[in-house]
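Each of the next two complexes has chain A plus one other chain: chain B in the first, chain C in the second.
The block that comes next holds the complex of A and B.
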């Protein structure tokens, strides 16, 4: 059997349609990428196994690969010839259809990886870059001043310290600065990225942000188990952008509605509400507004 | 490494516009405190440890004492110290040993409110004048910072001082016997009054007054007024370190509002203390059997 390590595939490939104006919301991404199932919503599987860092995955939990290749997602490491060990603490998730394994962990720290959509705050600007913070108290990410749609050397974007942008991580490695860009460098289009004006930025846990970004499967059921935004979007008009670094930008018509949405997000995140609980909470909040 | 993280312009503009509409992000009223939870140590032999939570802000306080020689210029007084240091537990931007302005103000305000107001009577800590006295020290640790750490620290400290028991002692001439906690029931400290701190943050040149601000609200504010007073309405100190000027009538109304909050905090502490005493003293027999206090019998004078 040949094991093929494929870490980055486990996260988003192309979820740039996460940001849209809506009256009836539609957060589905066009190309859902592998593993998107979440413990809250998976069909009944064997009891989820929790692994601590350094523990090996027992061989009876490994799926049978069809072509002899097993895909490893985040949190797992392959030591040849046939040991797979966990690098973080989390519950083991297995997808038998795609022969993939990964660890789901509710970590509090966001680590940038290529292709992630993030909400970055500009800290200062230098000659031809902006230095942005993805998470507090970490090194800055570099955003090129020309990495926007429709700018040239003469017309640069006017971003000041404290402005908030929606960007995608283009380069992320342990030894270099993280680089982000506000346009799709392949097509040159903004695709929803760029400066976010007005509204409010709420902090959520990175694992919750991931669930928010998972989108819906074929039957319309939310894969991440979070229906708060869809339920509210049925009645209230608002714009939302979800950053994988644990930030959600919301802009609605009135301050009261934005505050309500923020409270629902916090409740779903910290209260750990399931789908039914979320629906009830949304109904209650909509009645009060 | 960046030190302090300022909120984005979107966030500060939104917080301000919400406050102008009398809204806060967690739907509280402008002068409403978050629910305060006050817990004491569950160990029956340990007195003087408190754990206070105000929303996500969490502070623990530990009061301890030892017998030392008093200062030569204050022969009749014991020694009382308050230590409050912020650690990187609350945020990566904080360093131990290098206090920034916020930390200095925190210790200074606690000193003014509790030590200088003589909340703890240091003369009662004296054992033999000039030779032996008690040294009571209070250590405060902030575990989580989501705004209002001064209010939480003061509450934790006052509750811990009221909960703490010092060892009992007997003096025979020049001989002092300090009893161990297993020999004689320890004795409570004498507190003359219980001061609490109320921080009021203001916005829009003092027209909007907010109490118990969260960390985000604190970062967006224009200034703050700290009032320390006890439940009888006696003000220990009023502090306004810089910030946008506020007119005097607003300061007076802030003091009045703070009095209501102080009464609320005082009732929280009292309730927690009496609940704890009931739990530690099940049946009420311990107090009666182990106390060294005499029951004073009023005798009619003879003759």
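The block that comes next holds the complex of A and C.
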């Protein structure tokens, strides 16, 4: 499932080479045959009940599926025929429009799923693939050397160990290696993916990265509750790319500005600042620059 | 209410927690699912590795035995088949152990429930997939057959037997270690009490937030901790 692209439009970003961050929902259909559930007439209210591991989702909280298919996100497991149980402790989030439900859990390691935009670092290259790391201490993800826009066998991309790329997960299963690609295989266009030159990569929690990628709603208010980048973009020129695997790449005019943006993001993530707190911290940091 | 818990004290580990009961304090860290050594790799499930470090000195056979018990319990709790050919690694540092005036066997049995509670909370903090919720409790039979839950060291001085038991939220018994002199009828009585305590630890909260049940159990501490943590994680949703 894919949403319209939401381009981050900070005032001073250099448009010609800006990386676009897309708001892609976290929900992937984890089951080969989703359950055929009895439709319910419940109002579309978001449930805030907290489930512990092993507990089943009560049937009155399940959304009414239009086509009879229910999509399960992270934190939920389907046991045929019709039991949905929690695999972690989190608050149950329900989207009645998309007939999807998931558990919201802060922290944890990123698990690759198809369609996610990630920032990968090349570790080494072999005959026709690059081996890239998405998260530390896990097996490498495979990036084909021809998985770029406009390359052929004669003109391959020149990536060395340590280079950073913005890619999309094309294959993720528990039985095989994860595969990523730097172009949209349906259209053949790069769409902002490819090598990220210069700049610096900062670590954030995957849940925070998802909030950054949520984009803005109709009034321009950030859906994820993070305004740091918009506020900073008013005064400082920078490029940013957000990877769902908990990495944010920032490139700005000077090292000081880059580090400042990275520290603001880390602070918003670990400090749990709300919108007002973020604005105050940004103002304070901009005074020194 | 209940034991003293602090969440995510370590930044380097995927999940971490410090857990303190009356007798001991544990710092637990969980990492996973991560890359596994070829020799430990299992084709259809994740491998579980537990490391226990004593508060002082070098770890020895006692720690190896504790590790084997904790690993066996965690294998029933984790969703091992979700991540085949990976490793789930748990490190437990005992920061405060029961005093050495107690017998060795009593100290070991006293440590196990705290080790299991700490590992479970660390795995949860790290977002690893779990099949059920586990609560463990340490009980001692003192004096004239009276059963004390999570006793202090003074109460343990003249105890007849000590028992460490763990139950999950489906009612299964996952851990049963005992030391001392007792008969089967006594053990059954203790097992019933332990099940009631563990169930109370995971009992659902009512509208006011906390349900205090009876004099023996320390209330739904596990449910309360996890609910607070989960609600803090979505605090940003209510703000926007």
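Here is the rule we use: the second predicted complex is superposed on the first by the 224 of 289 C-alpha atoms of A that agree within 3 Å, B and C clash if a C-alpha of one lies under 4 Å from a C-alpha of the other, contacts with A are read in each partner's own complex, and residues count from 1 in each chain.
In this text, a contact is a pair of C-beta atoms (placed from the backbone, for glycine too) under 8 Å apart; a residue touches a chain by one contact, two chains touch by 3 or more.
The shown structure was predicted, so the numbers you read here are calculated from the model rather than taken from an experiment.
Undergrad: Under the superposition described at the top, does placing chain B and chain C together on chain A give a clash or a fit?
TA: Fit: chain B and chain C sit side by side once superposed on chain A.
Undergrad: Identify the partner contact of A:55: answer first if only chain B is touched, second if only chain C is, both if each is, neither if none is.
TA: The answer is second: A:55 touches chain C but not chain B.
Undergrad: Please work out whether A:199 is in contact with chain B alone, chain C alone, both, or neither, and reply first, second, both or neither.
TA: It touches chain B, and chain C stays clear.
Undergrad: May I ask you to name which of chain B and chain C touches more residues of chain A?
TA: Counted on chain A, the partner with more touching residues turns out to be C.
Undergrad: In the superposed arrangement, which partner chain does A:163 touch: chain B (first), chain C (second), both, or neither?
TA: The first partner, chain B, only.
Undergrad: Just checking: does A:171 make contact with chain B only, chain C only, both, or neither of them? Give me first, second, both or neither.
TA: The answer is neither, since A:171 touches no partner chain.
Undergrad: Quick check on the superposed pair: does A:123 touch chain B, chain C, both, or neither? Answer first, second, both or neither.
TA: Touch partner of A:123: chain B, not chain C.
Undergrad: Examine A:107 and indicate which partner it touches, taking first as chain B and second as chain C; both and neither are also allowed.
TA: second
Undergrad: Rounded to the nearest 10 degrees, how wide is the angle at the Cα centre of chain A between the Cα centres of chain B and chain C?
TA: 50
Undergrad: A:137 contacts which: chain B (first), chain C (second), both, neither?
TA: After superposing on A, A:137 lies in contact with both chain B and chain C.
Undergrad: Of the partners chain B and chain C, which touch A:249 in the superposed model: first, second, both, neither?
TA: first
Undergrad: Please give the nearest C-alpha separation between chain B and chain C in the three-chain superposition, to the whole Å.
TA: 5
Undergrad: Could you tell me which stretches of chain A are touched by chain B in one complex and by chain C in the other?
TA: 137-139
Undergrad: Along chain A, where are the residues that touch chain C in the complex?
TA: Contacts found on chain A: 46, 48, 50, 52-55, 77, 87-91, 93, 104-109, 137-139, 174-175, 207, 211, 221-225, 272, 274-275.
Undergrad: Quick check: in the complex, which residue numbers of chain B touch chain A?
TA: 1-2, 5-14, 17-18, 21, 23-27, 91-93
Undergrad: Would you pull the chain C residues touching chain A in the complex into a rising list?
TA: 8, 14-15, 31-35, 79, 82-84, 86, 124-133, 168-170, 202, 222-223, 226-227, 229-237, 239-240
Undergrad: For the complex, give me every residue of chain A touching chain B.
TA: Contacts found on chain A: 121, 123, 133, 136-140, 160, 162-164, 196-201, 249, 255-256, 258-259, 262-263.
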